[in-house]
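Listed below are the structures to be examined.
Here chain A shows up in two complexes: once beside chain B, once beside chain C.
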Partner chain A sequence: MPAGTVTALGHVSIRIEAGDYVAISGPSGCGKSTLLHLLGCVDRPSGGSLVFEGRDVAGLTESERSRIRLTRIGFVFQRFFLLPMLTAWENVELPQSEAGVPKGDRRARTRELLDYVGLAERSGHRPSQLSGGEMQRVAIARALANRPPLLLADEPTGELDETTGEQIADLFDRVHEGGTAIVVVTHNPVVAARAGRRLAMKGGRVVDA
Partner chain B sequence: MNAWALARRTVAHNPARAVLAVTGVGVIGALLFNMLLLSRGLLVSFRDLLDTAGYDVRVLAAQGSMVHREPIAGATALANAIGQLPAVERVALVRTDSAVATVPGRQTRGVTVTLVGSTENAIGGVWDIVKGSSLPLVSPAGSPPPLIVSTGMASQLQLEPGASLQIRVTLPGVASALPAIDCRIVGIGHFTFESSDEYTVATTMEGFAAVHGAEDRDSADLVLVASRSDAGPSAAAAAIALLRTDLRVYSNDQVLEQFNQNAFSYFRQISAILSSMTLAFAFLLVATLLTMSVNQRLGEVAALRALGFPRRRIAANLLCESALLVGTGGIAALPLGGVLAVALDRILRGMPGVPARLHFFVFEPRTVLLYAALLGATGVLAALYPIWLAARLPIAATLRREIIS
Partner chain C sequence: MIAFTVVTFVAAFLAAAALPAVTADARPDLPAVLVSRQLAAHAGLRTGDTVTLALDATGSGAMRFRVGGAYEPTPDPMRFTARRLEARMHLPDLNAITASPSDPGSVESVKAVNVRLADPNDAAAFASALAARAPGIFARPTARTRDGPDPFVVLERFHLAVATVTVLGSTAFLLALMTMRAEERRETVGIIRLIGVSQRSILMGVLVEGLLIATSGAVFGILVAVAAQGAINRFFQWRYDTALVFVRVTMSIALRSIMLSVPLGIVAGLVGAWTLLRRDLPALIRR
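The block that comes next holds the complex of A and B.
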């Protein structure tokens, strides 16, 4: 039997301003991650429009969207997705290297970020030698490596215990205080409570803002 | 961190996969290297043998073949006529026959030898004297025919210069009525065209005639000609061909071409088929391992893409990974292939009738270049499917799937 078309999102209108802190929650399959991926220029909407810093994302090439993701958006994933063969330092340095940041600047920024997330002492460790909370902190440092104005996080505490989740939430607070806009998809009420705006989704729509 | 560095780290992070790939490519590469050495080895070695002999044109009777030669009648007159040609520097007549050699006073059966008669006392590089002297230009009347015996024969029969040897010419398929003739060994030498299963004895044309009795004194199986350097073998061959219609004249290049089209083509075809198969195996091995590797790292790849790493960077990483595995295995294959080539060469050179100095596997720099090009192309082709897989990955769907799984 052929699979039918599924409308993951419909009638969603959202505007993220510089310095916003938005939490999106809702049941599984309600379209939270899809919305996040659209905001992050990973997906393109099949209808409607998506504008990022004044540019219509639908009109951008794959390469242009990659460049935006690399330099203007930071991503934090539930499962961290650190490269297992690289150290914490190298994982944080990698996006900067890809963006063409000079070596000296890269070093300074990586040191600054690992210090910022409290892992300066663990910079030479590989992901397999770090705890879940530490891996997520490295992932956050990696997401901030190219100083993006927007940080997107998809269930950043989903794999962590309550205490560690709170530490990550604290870290997001500090990132937000630094002026970075944050959109976080989360089931964790502690994390959601930290956000300035909370959106609830259901059936592919924003039902409560 | 560039694509090479990341590929190096990825390979090092999966040592079992790396060892499997490098070992596999190493073994396959060794076989490929061998097949490439074989594809031109005979040709290069045979060319070397022909050039070593110091003659660049060969004249045969029109009947017969390059291997099974018929006698050329009126050989002396022919040699004189050829010698008069402006494009020719020197000429030698050669006759060969089968004979039995016996050491007088020993209760041993004689050994079968190839008897070579020549008008020159030392036919260029056809034999190199290692002990004693070369054949005399003129033998004193009534003296026994002088002989050069091959080193293998001298060693087997414990012969030294000055010793006597009885030679009796044999005729194929019939009992020879010719008497055994006492000859005297003047020297011991390496014979370029001697095979590992035969012994060779050379003598002067007069000595050759003496062991044959009175019959057929003015024929030759082969006329060897050295062309003048300012004329070249092609001009010399063309001029000789005009002398008589019952001859076939070949320059060394033409001899090589003949062998290349006939005898050597089997080895070339075998080499081509086995080379193709080894390349196919290398392709399958590397493509399978890389595809498995990509499938195990879909989440990582999708995350890198989400973080803004463009498709070309993902492709470059995989290409470098493939190049690293194929390159390391390919380099490791060279010494292994070299050792294997030496062993196989020894076995093949032991085949009956193959000149001991002829090699089947010959190293040439161009073979290494061809080998590197073929393996490199295989590495690129093997990476194409995994690259396509990684580059076309739907980022959002993959991340979602990775979380659910």
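The block that comes next holds the complex of A and C.
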């Protein structure tokens, strides 16, 4: 029997301004991650419009959306999504390399970011040699590599203990203070409490803004 | 045009094998004969030994000769299983040993003569001229010709069929392997795409990786073939006591292998990568 159409999101209208800090929460399957994927140009909406920095994302090619993800949006995920064969340094350097940043600038920015997240001395380690909290900090450093104005995080503390989760939340605060807009999907009330705006979702709709 | 070399008289050396009469006293006045390496080993002959050769084991037309040396018989793929117990002698000696008292014309006949031409390309013309001048004498080139009948053509077609099936099978296996390998890298490709690395960059990376792996694989395969070539040749040369070269990895074969395997490896890599790149990004990073 063919699978029917599932409407993951409907009648969702949100606006993220520069420098915002937005937390999205809700039960599993309510469409939080789908919304984050749409905001991050990972997926395309089947209807409606999604405008990023004045451009309708639905009309962009895969190459153009890749470019936006590379230079304008940073991603942090629950499972870190670091490349296992690369060191922390190389993981942070990769997006800059793809963006064509000159080698000297890349090195300086990578050193600055690893220092920023407190992992300068672990730069030569691979993800398998790092703890969960360290991996997430490397992921944040990578997400900030090309100085994106928007950082998207999907359950960034989901696989971390409470103390480490708070350290990551502290780090997000610092990133936000630096002027980066943050949208974080989280079940963690500690993380959600740090956000300036909190959105609740249910059944593919924003029910409380 | 024709350079006469040495006569190989098959009957004589077969008889010699049956009649290895050897005496130790060196007789420099005896006619010299060359014996094959195999015959020298078989009969324990050394240079300077005296041997008696005859047409058959009963000693018909027996003559004594001085062993002038040993030679390595020209390898012949048509007779590589035969024991090369042979001797080479000068034509007058051959005539003398084959002479039949009841047939005065026997001294004028031989069964086979090897002739080396100054220009091997004249073989066909030489054979035609010889047939015209001396009906009943059949001449054929021993060198293989591409435009004439080739005794190995069936074997060569069989090898080609085996090679074709091997390449097709390997290609299917390689494609399946690369597709599985690509599936293993699903999340990695998803992460790379997620952080904004373009599909073009990923394909280029896969292309370079495929090129390196395919080239390394081809070189490794050639090295294995070269090493196996030595082992195979040594085994069969030992097994059949011959200098025949059974396997030879030529530069042409090596280049053909590279020209075949490198594009195949690259294509297999690209096919594997494309199975991931054509998918939606969320499908790649979904648990």
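In this text, the second predicted complex is superposed on the first by the 209 of 209 C-alpha atoms of A that agree within 3 Å, B and C clash if a C-alpha of one lies under 4 Å from a C-alpha of the other, contacts with A are read in each partner's own complex, and residues count from 1 in each chain.
We adopt the following convention: a residue touches a chain if its C-beta (ideal position, glycine included) is under 8 Å from a C-beta of that chain, and two chains touch if they have at least 3 such contacts.
These figures come from a predicted structure and were not determined experimentally.
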Message = Both complexes share chain A, so when I overlay them there, do chain B and chain C fit or clash?
response = clash
Ask   = In the superposed arrangement, does A:93 touch chain B (first), chain C (second), both or neither?
value = first
Task = Based on the superposed arrangement, let me know which partner A:37 touches: chain B (first), chain C (second), both, or neither?
result = both
Inquiry  = For A:66 in the superposed arrangement: first (chain B), second (chain C), both or neither?
reply    = both
Query = With both structures placed on chain A, which of the two partners, chain B or chain C, ends up touching more residues of chain A?
reply = B
Inquiry  = One more residue to check, A:110. First (chain B), second (chain C), both or neither?
reply    = neither
Key: Contact residues of chain A, present in both the chain B and the chain C interface   = 37, 42-43, 62-63, 66-71, 75, 77, 79, 81, 83-85, 94-95, 98-99, 142
Inquiry  = With touch defined as at the start, can you tell me which chain A residues reach chain B in the complex?
reply    = 33-34, 37, 40, 42-43, 62-63, 66-71, 73, 75, 77-79, 81, 83-86, 90, 93-95, 97-99, 142-143, 154-155, 158
Query = Of all residues in chain C, which touch chain A in the complex?
reply = 187-188, 190-201, 280-282, 285, 287
Query = Which of the residues in chain B come into contact with chain A in the complex?
reply = 1-2, 6, 9-10, 12-13, 299-300, 302-311, 313, 395-396, 399-400, 402-403
Note = As the complex stands, chain A meets chain C at residues 37, 42-43, 62-63, 66-71, 75, 77, 79, 81-85, 94-95, 98-99, 142
